[in-house]
Amino acid sequence: MIKVAINGYGTIGKRVADAVAAQKDMQVVGVSKTRPSAEAFVAKERGYPLFIADLSKKAAFEKAGLKVAGSCEDMCKLADVVVDATPGDIGATNKPLYEKLGVKAVWQGGEDHEIADFSFNSSCNYKDAIGRQFVRVVSCNTTGLCRIINEIDKEFGVTHVHAIMVRRGADPGEIKRGPIDAIVLDPVSVPSHHGPDLLTVLPHVSITTMAMIVPTTMMHMHAIRISTKKTVDRERVIELINNHPRLGLIKKTAGIKSTAELKEFAMDLGRQRSDLYENCIFEESIFAEKNELCFFQAIHQEADVVVENVDAIRAMMGAEKDAKRSVEMTNTALGFVHIQNNH
Amino acid sequence: MIKVAINGYGTIGKRVADAVAAQKDMQVVGVSKTRPSAEAFVAKERGYPLFIADLSKKAAFEKAGLKVAGSCEDMCKLADVVVDATPGDIGATNKPLYEKLGVKAVWQGGEDHEIADFSFNSSCNYKDAIGRQFVRVVSCNTTGLCRIINEIDKEFGVTHVHAIMVRRGADPGEIKRGPIDAIVLDPVSVPSHHGPDLLTVLPHVSITTMAMIVPTTMMHMHAIRISTKKTVDRERVIELINNHPRLGLIKKTAGIKSTAELKEFAMDLGRQRSDLYENCIFEESIFAEKNELCFFQAIHQEADVVVENVDAIRAMMGAEKDAKRSVEMTNTALGFVHIQNNH
Amino acid sequence: MIKVAINGYGTIGKRVADAVAAQKDMQVVGVSKTRPSAEAFVAKERGYPLFIADLSKKAAFEKAGLKVAGSCEDMCKLADVVVDATPGDIGATNKPLYEKLGVKAVWQGGEDHEIADFSFNSSCNYKDAIGRQFVRVVSCNTTGLCRIINEIDKEFGVTHVHAIMVRRGADPGEIKRGPIDAIVLDPVSVPSHHGPDLLTVLPHVSITTMAMIVPTTMMHMHAIRISTKKTVDRERVIELINNHPRLGLIKKTAGIKSTAELKEFAMDLGRQRSDLYENCIFEESIFAEKNELCFFQAIHQEADVVVENVDAIRAMMGAEKDAKRSVEMTNTALGFVHIQNNH
Amino acid sequence: MIKVAINGYGTIGKRVADAVAAQKDMQVVGVSKTRPSAEAFVAKERGYPLFIADLSKKAAFEKAGLKVAGSCEDMCKLADVVVDATPGDIGATNKPLYEKLGVKAVWQGGEDHEIADFSFNSSCNYKDAIGRQFVRVVSCNTTGLCRIINEIDKEFGVTHVHAIMVRRGADPGEIKRGPIDAIVLDPVSVPSHHGPDLLTVLPHVSITTMAMIVPTTMMHMHAIRISTKKTVDRERVIELINNHPRLGLIKKTAGIKSTAELKEFAMDLGRQRSDLYENCIFEESIFAEKNELCFFQAIHQEADVVVENVDAIRAMMGAEKDAKRSVEMTNTALGFVHIQNNH
């Protein structure tokens, strides 16, 4: 059993914890919180030992009926791998601790590539992660781009990608972030950071990205145009999607044309937390003409990296050398069925 | 086994179907849809026989891979009770069919009281529903008001209620309704219809209501002030809430102060569809001074009436004469634990 | 003086009326409303004679203190040109009336090209509108695309345009339209109608468009990529923008990075109704590399077509044969100064 | 001429500057900014001398083409009165400067009452401000409450007020604040701070307030219930509103039922920045029964305190001893006509 600690039990951390707990070859040895918030009670319900960053707050936790198992350092000592899901830029400050303890660590895409000198996507470079001490799982948007671009590249040869990311303003449970009524260019300059970030995984791809933020909480939406060496065949594109374990196809027949309807469908299907681990590519939007491929894909910012974290752990531990088998193990443990099989 | 048909498999209908299917003494004999949408695929996944209003559309359903079991009338013939969860004002047009077939029917709060001449709330008038052919379950807002007002009235004697309803603009999956950036008085006039609607269940209560719509999808929020005959005791109010099977208490310790955080907590707890069947009364907001009681309660518009529908079915069939026992059966079958027990 | 009637005094109609009234060579002979709403009182304040579609409602208007000058047909008889700003698809039903009266008419982009067999943009085809009875001013999005693409085409030669339109969900005063929390693909299929619509003005351009709707009321945002024959020179692009009377440049120095800040700036500058008649191209976003040009432009859906309507009127009447002079007359009468001159 | 400096040229400051500049007996001697943002260019367009808090940033301003007239302290030396419109809690840190210079200062409602030991509303306590060095203008919500409660109290005698404030989440130009999709109790506890704040102006009133935040930018909405000693007469209430120079009546005839339609109406009427300086009380909502009065009022958070600042200046300088005359001067200079006269 691989012992996993979750440092930062928030939007991503709580999902990774549940995904890890569902794996046959892994267990959660602890999760950490800084405040006795609602999520701390969730950890208690789940039976995850609760560790806290600042032991001086122990009394506040215990007054709330939350048992404290120790400090973050105590937690890390129990682990083979720490998944660092602390807020962006905090993760970097934890690196000395992981180095001191000699524990393996996985960071999220909010940290710079340099923190681990290796950026991970299970579909693209699983093998290169085997045995590493430090790995960074790229952000939700970059993960979504990597998966589909790599497939198209292998089949048709990608000459250039032009991707527009229309991003959600906040996660559903976040109440302080906006905007309320604006489209915000973030950044105004072109290209956005997403293009260069993709290159940390797929260094040979030519890509231009533009990004904005809109007042929704549900999912990001990508409008993508890929130029290819070979003529693109639309039916083959759909086949590639159906053959990939983490590419979902939203069929025209379901009548879904928005992020909200998509999340509702995931909820109705009984997905835990209504999560969509896969890219959600809209079948009807797939437009292929000569050497050009266009489509829309929705990316669930809270979920698509969760399964990547699980695979990263397995690779780092050398517990499974084959990417496909790890992905299948991860998906199976989560009862994750391709959304295209549900409609 | 009570045979239940769900006429209108939408926001409410799909939840009632799942709640009915979970009961030991009930089964779903069919659900109806008008179009082969995403929800029709959900019905298929759940194994509910699918009936359609307009048989001329059968080919469209079958082309989408959805088997059609028959017409709405066919479905109603199979049922002991039909839960009519069609959109507001459509339900009334179905009454002649139910009368013709002699089948029992439950309507929702979007219909007028006169459709059934009896408006139901399990905490207030379960006994009066026993044996009835037709029952109307009051709307989500009225249900939320009935539950708490009745409890306060029994204990302290209510002289007047002043309730402001801040309503969500659309359900999460609805993409056409607004507003996007406005507070809409709905209606501008005072009182809103909610006050008179409460009187269909609790005719002796004096109440004034004011209502508005805001750009959120999560839950309604009620700001309530109750004037009482006896002096209000805050601790006793909390006790009443804790003793009532459908009054939830959001404790201060969880740090939840919004509808979004509340839904996130329900999601994290693993509630199906993140549903909150109970009134969610904010402990910290409970303010008692002499003969005045003020508090905030959040009402999940998609969920609180679902459990009431189940109890209404049981009462109409005379399957259980005692309200408390029916409520307990319903709650237990859903694995419904008071949210105050989770934190 | 050119006599202009405004059929449909709503979002666009009220702006066209004010813009016409500001011109030295034009006057407003009447505006029409269907209901005695707030906008009818605005027409009264402005001193525009008020005509109504349905004379049977005259009493309702007069009870509200609104004098009715006659029917829509009466109004059209007084006019040289009718600007039809009725809601989409209604405009077509008015054509027989205009034909019967032999009056000139301008429709908006919500109608099909075929209604007038001529689609107008003052920067692209003013001369071809001279003397015509019927003209259609293309939609706000198409207007914004025409202006900039035509300029880039003249200078660098356009080989292909890829444009993503992120559209506002409703206008600020509309309270029923959503979405509240969703990104809606509208349409899901690629290309959206905007590409073909551009061809009604610039038939030789190769263009692919993708469109979505987001929960904001402020402005549309276009993410544009233009491939060119000649190498693109960034400084020359900025020069072209500065030289065009309806292309605005949002300079980096102002620190504006959203539609909301842009509208606030227009408001602070004292623009009537905070209107932005010009394309608002973000200087910092202009990215030129070899034969590729990328940039963001915000389009004020309520305003950019208003000035085009005025020019269309002048062309149809043959009152001014030169596009540049008409545009200058229109702009000057509105006190319209390039936003780049304000910062 | 009263010399006025505006410390903090933001949402409130820029409006106060324009309102001061419009007065015959006042002039703007300077405005201050911390960054060379869009608003700094607006100040330049308006011709207001620009001062900056941190002179080390002078080069950055001048590089942007913005002339810097000096430091904040330089500006304050030129003034008879400084209007401090810096963000909440910053204002307090400026007090020592004003004391050192012996200059009069007006703070906004974001500061505590104690900063000036006097909280101002022109309808309630103008006389008490005469000659004072320091005055605090209460917040937009408290201003709106003071105006109407004081009128009702003088006529009918107020025994208790119960007010629910449904607040906008951010101003239209703010892009970082949320929530996007939530109703946030702010605070969860009852009463909110608004009740006690009202007592700084009307100390004898009994009031309970409850407050929440919703995802809109337009205006706050108050749902108010006032209990009175004398029987309330609805017609008399309307008369009181019509007779008060800063109470607006939104008549039923205009068909306005939301904050968005109200702002649109103000915009169409040509109000500068679409500002609503008056309480906007919805005629149709006014409900009087025996000793109870209920109604909705919308409060424009950016505007209602602007005119109060102008009156406060005049009172502090002793330039006009009569409240009514000052209010009339202020209103007249702004061309401010009761909105009820526009429909």
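The letters A, B, C and D name the chains in turn, as written, and every chain counts its residues from 1.
Assume a residue touches a chain if its C-beta (ideal position, glycine included) is under 8 Å from a C-beta of that chain, and two chains touch if they have at least 3 such contacts.
Everything numeric in this text was worked out from a predicted model, so none of it was measured.
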{"item": "Chain pair showing more contacts of the two, B-C and C-D", "value": "C-D"}
{"item": "Far-end chain from chain B, centres as C-alpha averages", "value": "C"}
{"item": "Centre-of-Cα separation between chain C and chain B, whole angstrom", "value": "46"}
{"item": "Distance from the mean Cα position of chain C to that of chain A, given in whole angstrom", "value": "42"}
{"item": "Chain C and chain D, separation of their C-alpha mean positions in angstrom", "value": "36"}
{"item": "In chain D, residues with contacts to at least two other chains", "value": "172, 174-175, 179-182, 184, 215-217, 257-258, 260-261"}
{"item": "Chain B contact footprint on chain C (complex, rising order)", "value": "169-170, 172, 174-182, 184, 215-217"}
{"item": "Contacting residues of chain C [partner chain A, same complex]", "value": "162, 164, 166, 179, 181-191, 208, 210, 212, 214-219, 221, 223, 225, 252, 257-261, 282, 284-287, 292, 294-296, 298"}
{"item": "Parts of chain A lying in touch with chain B, wherever the complex brings them together", "value": "14, 35-39, 41-42, 45, 64-65, 172-175, 180-181, 217, 253-258, 260-261, 263-265, 267-270, 272-274, 342-343"}
